[in-house]
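See below for the structure under consideration.
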Amino acid sequence: MPLTSDISGVVPIAPTPFHPDGRIDEASLDRMVDFFEGAGVDGLTILGQLGEAGKLDHAEGTAIAKRVIGRTRLPVIVGVTAPGFAAMRSLAHEVMAMGAGGVMVAPPNTLRTDDQIVTYFRNAAEALGPDVPFVLQDYPLTFSVVMSPTVIRRIVTENPSCVMLKHEDWPGLEKITTLRGFEAEGSMRRIAILVGNGGLFLDFEAERGVDGSNTGYAFPEMLVDVVRLTKAGRRDEAHDLFDVHLPYLRYEQQQGPLGLAVRKYVFMRRGIFTSDAQRKPSQALSTQAREEVEYLLARLARTDGRARLPG
Amino acid sequence: MPLTSDISGVVPIAPTPFHPDGRIDEASLDRMVDFFEGAGVDGLTILGQLGEAGKLDHAEGTAIAKRVIGRTRLPVIVGVTAPGFAAMRSLAHEVMAMGAGGVMVAPPNTLRTDDQIVTYFRNAAEALGPDVPFVLQDYPLTFSVVMSPTVIRRIVTENPSCVMLKHEDWPGLEKITTLRGFEAEGSMRRIAILVGNGGLFLDFEAERGVDGSNTGYAFPEMLVDVVRLTKAGRRDEAHDLFDVHLPYLRYEQQQGPLGLAVRKYVFMRRGIFTSDAQRKPSQALSTQAREEVEYLLARLARTDGRARLPG
Amino acid sequence: MPLTSDISGVVPIAPTPFHPDGRIDEASLDRMVDFFEGAGVDGLTILGQLGEAGKLDHAEGTAIAKRVIGRTRLPVIVGVTAPGFAAMRSLAHEVMAMGAGGVMVAPPNTLRTDDQIVTYFRNAAEALGPDVPFVLQDYPLTFSVVMSPTVIRRIVTENPSCVMLKHEDWPGLEKITTLRGFEAEGSMRRIAILVGNGGLFLDFEAERGVDGSNTGYAFPEMLVDVVRLTKAGRRDEAHDLFDVHLPYLRYEQQQGPLGLAVRKYVFMRRGIFTSDAQRKPSQALSTQAREEVEYLLARLARTDGRARLPG
Amino acid sequence: MPLTSDISGVVPIAPTPFHPDGRIDEASLDRMVDFFEGAGVDGLTILGQLGEAGKLDHAEGTAIAKRVIGRTRLPVIVGVTAPGFAAMRSLAHEVMAMGAGGVMVAPPNTLRTDDQIVTYFRNAAEALGPDVPFVLQDYPLTFSVVMSPTVIRRIVTENPSCVMLKHEDWPGLEKITTLRGFEAEGSMRRIAILVGNGGLFLDFEAERGVDGSNTGYAFPEMLVDVVRLTKAGRRDEAHDLFDVHLPYLRYEQQQGPLGLAVRKYVFMRRGIFTSDAQRKPSQALSTQAREEVEYLLARLARTDGRARLPG
C-alpha cells in the first residue's frame, strides 16, 4: 500500500545491524523490525544515512529492503538518495516492486538557489515517476541546502507524488507554523510533516502541528508516547516524559558517526542487536563515552523503567 | 591585568542592550555587569556575535568596552574579529589600552586547509602583537572552519599569546580529551579551555577536563554551580542541576538570531534589561515562542527557584 | 555627482600601492589615478578586495578615498562591504561627504536562500539611506552566494538606490541576456551592468549587451578599446585585440592573492607603481612566475605596443 | 595492463554520446574511441562527471566500459566516485575484470580537514584493494575540497596504489612545482601528474613539469602537440599553437553543464557524434551560444586547419 499524506505517528529511522566481521546480521535485523512493531510505531524508514546505506552495495541494500518489507505490515520508506537520477530510479522501482510504501530523497549539497532546489526535485520526481510517493528531506545541518518555506511549497505544489516532509531544520519551529499556515490559507495542499533532528524539539514540534516523528532515537517508545500525549492535549505529561529522556537524547543526537555509534551501542545493550559493529569506515565509542552513555541511561531508568538495561 | 592561561570558571558571553529605538541602553549595560558579578562569574566576554558587534560602529563598540571595563574588576575579553588584520589590530590596541584582559579571534569562513588556518592565526597574532593575549574560537557550526586537534596544537605552539581556547565544536567531547592528552604527554603547552555551544554539553565537558564555561546562557548561576560541583567531584548533583535546566537551555541554544532573541527576552523578564530590543536586522520572538519560553521557565522554576520570574 | 544607472564604459578596480615597509605610497596612488585618466576610463572603483581594503584601518581607507576623489573628476565608487551595517553606513556616509559617486556592496558568504539574499540587500540599502547609490556585486566564485536573475530583479526592484550590477558570475553570458530580457519586457527597470571576472569573457559580454567593464586588468587601454569597438559594431577588430591579450589576461585572472601579485608586478613594470609590495599577509611572485609574466608580456607587445615594458 | 605512475601524454576525459531520445549511441561511442586513437592520445578516461556518469544506471555504465575497453588497446581509466565505498569497490572490480587500467576517485565535498581527506583516501584505497591502481582527483573548484601539497604527499605515501594525480587546482602552477620539489628532494615517491581544468593553463603546466593532460578539450590534437612541443623544448611553438586555441578553449571551459554542451556540440560538428543530446537533466546551447562557438571555431580554423568544420 503506497504511502500517502495521511501517514502520521512515529516512523523510526532504522540502523543496519552488522556482525563484527562486516556481514549483515539478519537475525538482528528481524529482531529490530519486531521490536519496532512492539513499540507501537507506524512505519519504518530504512537505508537512510543512519542505516549506513553508503556502505552497502546494491545487492545488499535491496536484500535488506526485501527482508524488512517481507517481515512487517507497516509501510516501509526506503532511502534512495543517489548521485544520479538513473540510479535513484532503478533502486526506487526495485523496492516499490517489493512492496515498499515510498522512498525518501535528500538534496545534493551543491544546490544553492531556490530555483536549483525546485528544479532538482522536479527532475527527481520525474525520474521516479508518478507512482512512487516520495518524502522530501529538509536537513540543512547535514546537507548544507537551505529550503525556505516558499521553496517547500513550490516543490509540494509541482509534484503530486511528494506526500511527506521529513522536517529537520534547526531552528525549525516557526517553519512548521509557516507551512501549516500555508495549508490553512489554502496556498499549499496538506502533506504529512514528520520531524527528525534526533527528536531534540519533538515536544514543541508536536504542539506546532506536525504529524509525528521520523528519527532514529533509540527509545521509540518515548516518541510514540510524546506524540500520543500531545495529540490528546496532555501537554504537561508529554513534557514530563520528554524531559526525563532529554539528557540522553541530547547525547545521542551528536552529529555524524558518533550519534550512530551511541544508538547501535544502546540497541545492543537493549538486546535488539547482537553487536554494535559499524561497517568501515566507522567510529567506535571510547571507553569514556560508553561510561557516559551508561550513566545517562541509569539516570533515565530511575524514572522510565523501559530504559533499564540487562546486566 | 592581562588574560593568562590560568583563567577558569565561568566567563559569560554578554549581549548588548538596546532601547527600542536602537540606542545603546547604558543603564541596562551597567545592570548586566553587576548581575554577572553577583552571579559569581570569573570574567566577561563582550562584542562577540551574541553581542551584535556587527551592528555597532567603531565608536559605539569602544564606548561599550570602556563602560564595561570601567565598571568591573573582572577580566574583560573583547571580540575583535574583523575582515582585515588592520581593523583587528586597531580595535585590539584601543581596548587593551582601556584595560581589557584580552581579545577573541574567530576564523573567517573561507579557510579550508590546515595550513590556511594555521597561517591565519599566525598573521592575526603578529598583527595583534606579543602583548595582546588572545582567545582562539573554534566553532565549526557557525564558522564552517573545522580545526582538528593537531591544528589547534600548531596554533598554540606557534603563538605564545594564544592563552585560551573557546571550544564549541560539536560533537566535541573526544576533542577535549585529545587536547588534554596532548598537554599530559607534553606535546602542547597548557592553555585554558572554556566551552561554549550554549552549554549543551557542559555537564560532560566539565568532566572531560575543561576549565570552565564561556557561553551566553541566560542563567549563568547554573553554569557557575555545575562547574563548581564537577570540580568538587559531586557528579550527581552537577547533573541533577544541569538536567533541570536542559529543556530550556536546549530551547535557548537554537542557532542564529532566534537564540539571541530568547536570551534577551529572558534578560528582560529577569529585570536585567529594560527592553529585549535588537538592532536591525533583527528577529523578534513570535507569540507562540514567547509562550514556549514562559512555559519552560515556569517548569524550571519549580526546581530552581532562581528561575522564578516576576509577574 | 552621484552615480546613476547611466554609467557605462570602463571603471577599473584599483589596487592600493604600498611601500616595501607597508606604508601607503601616495605618489604611486596619484600616478595611478593619472594613468587611469590617460587610459580613457570612465570612473574608478577603490577599496575593493583587489585594493586590499581589509588590510587598511579605517583612517587609512578614508585617507585613500579622499586623495583619489580629490585628484580626479571621474566618478569614484568605494567598496564598503563590512561585517555589519553600522560600519557600512559610517564608511559610506564619510566617503559620500567627500564626493564619492557611490558605493559597492558584496553579500556575506553565509547567505543561502533567495529570501536571505534579498533581505540582506534590503537591510543594506536601508542602512545606507536613499541618497547613497550602490553597486550590487554578484561574484559567486569568491563569495559563494549564488544570485539567480530573479533574485537580482527583486533587489533592483525593491531598492531604487541600486543603480549598477557588477556582474561576475561564471558562466554568465546567458545571465546577462536574461537580465537584459527582463528590462526589454519591462519587468525590471534598466540598470547599468558592468562586468568583472578579470575580463575573461569581456569580448562576448560586450556583445550580449553590458554597458562596460569593471575589473582590475592591468591594461585598461585594451578594455576601453574592446568596449568601444564592440559598441561600434566592429566585432572582428574587438576580438582580434582581445585575443592577443587573452594569454596574459588569463594568467592574471588567477584567483586570490596571486592575481593581485601579478597585477601589482605589472603596474610596477609599467612605471605606475614604485613597488609591487603587498601588505601582509601577502603572497609574492615566485621567480618562475615572474619569468612567465615577462614572457607573456613580451609576446603581447609584439602585437600591442602599449604592452612594451621599459628595460 | 594496469595503470602505473609511468603514464604520460594525453588522456582525454570522454563524454558519453546519446541519441536524442536518451538511449546510448553506440556507433558514436565507437567513432569517438577511434577518433581519440587517431588523435594520438595515450589513454582514455570514461564515466567521469563530463561523461554524465550520474545519469547512467549501473548496467549502462558497465556496458559503456566494456565497449570502450574492448575497442582500444589504450589504457582506460574509469571514474568510480560513489557515495559509499561498497558501490565504489563493486564498480571498480567489475571494470578491472573487463581490462580497465585503473580507476579515478574524487573526494566527497563534505571533507574539510587534512586528516579527513587523508582518511577518506585511505579508506577508498582499502576498499579498492591493492591491485586497483587509482587516480587522485584534485579539483577544488568543483568539489570544494582543498588539498594542500602536504596532504597529497600523505595520500601518495600511504597508498601505493595511488599512481597518478589529476591536477586541476586553480591557481595551480606553484602547487605543481611544490609537488615536483617533494619528489626531487625524496620526500614523496614519483607519481604521474596529468592536468585538467579544461587545459586553461596547459602551456605553463607543461613547463612546470607535469606528465601530460587529462581533460575534455574538444581538440585533443592540440593537447598532444603542446605536450610534445614542450617536452621537445620548443617553447614558442607550443605557446603559438596554444594561444590560437585559447579563445575557444576559454569558452569551452565554462563550468557545469554549459561546458559539456559546448563540447558535445563540437563533437557533433566534427562528425564524431551523431547528436549533441545530453540526458536529462540537461542544458542546451542557446542560439546565441551556438553562434558564438561557430564564430570562435571559424577564427581558430584560419590558423589551425584541423578546426575547420564541414558545412
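By letter and in written order, the chains are A, B, C and D; residue numbering begins at 1 in each of them.
One rule holds for everything that comes next: a residue touches a chain if its C-beta (ideal position, glycine included) is under 8 Å from a C-beta of that chain, and two chains touch if they have at least 3 such contacts.
Everything numeric here is computed off the predicted structure, so don't read it as measured data.
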item: Fraction-based call for chain C against chain B, same above half, different below; value: same
item: Comparison of A-C and A-D (more C-beta pairs in contact); value: A-D
item: Separation of mean Cα positions, chain C and chain A [Å, integer]; value: 48
item: Centroid spacing, where centroids are CA-atom means, of chain A and chain D in whole angstrom; value: 38
item: Chain contact graph, described as a line, ring, star, complete graph or other shape; value: complete
item: Chain D-facing residues of chain C, complex; value: 170-171, 173-174, 177, 200-201, 203-204, 208, 239, 242-243, 246-247, 250-251, 254-256, 258-259, 286, 288-289, 292, 299
item: Contact footprint of chain A on chain D as seen in their complex; value: 53-58, 60, 81-87, 89-90, 109-110, 119, 123, 126, 279-281
item: Footprint of chain A on chain C - complex, ascending; value: 112-116, 145-148, 150-151
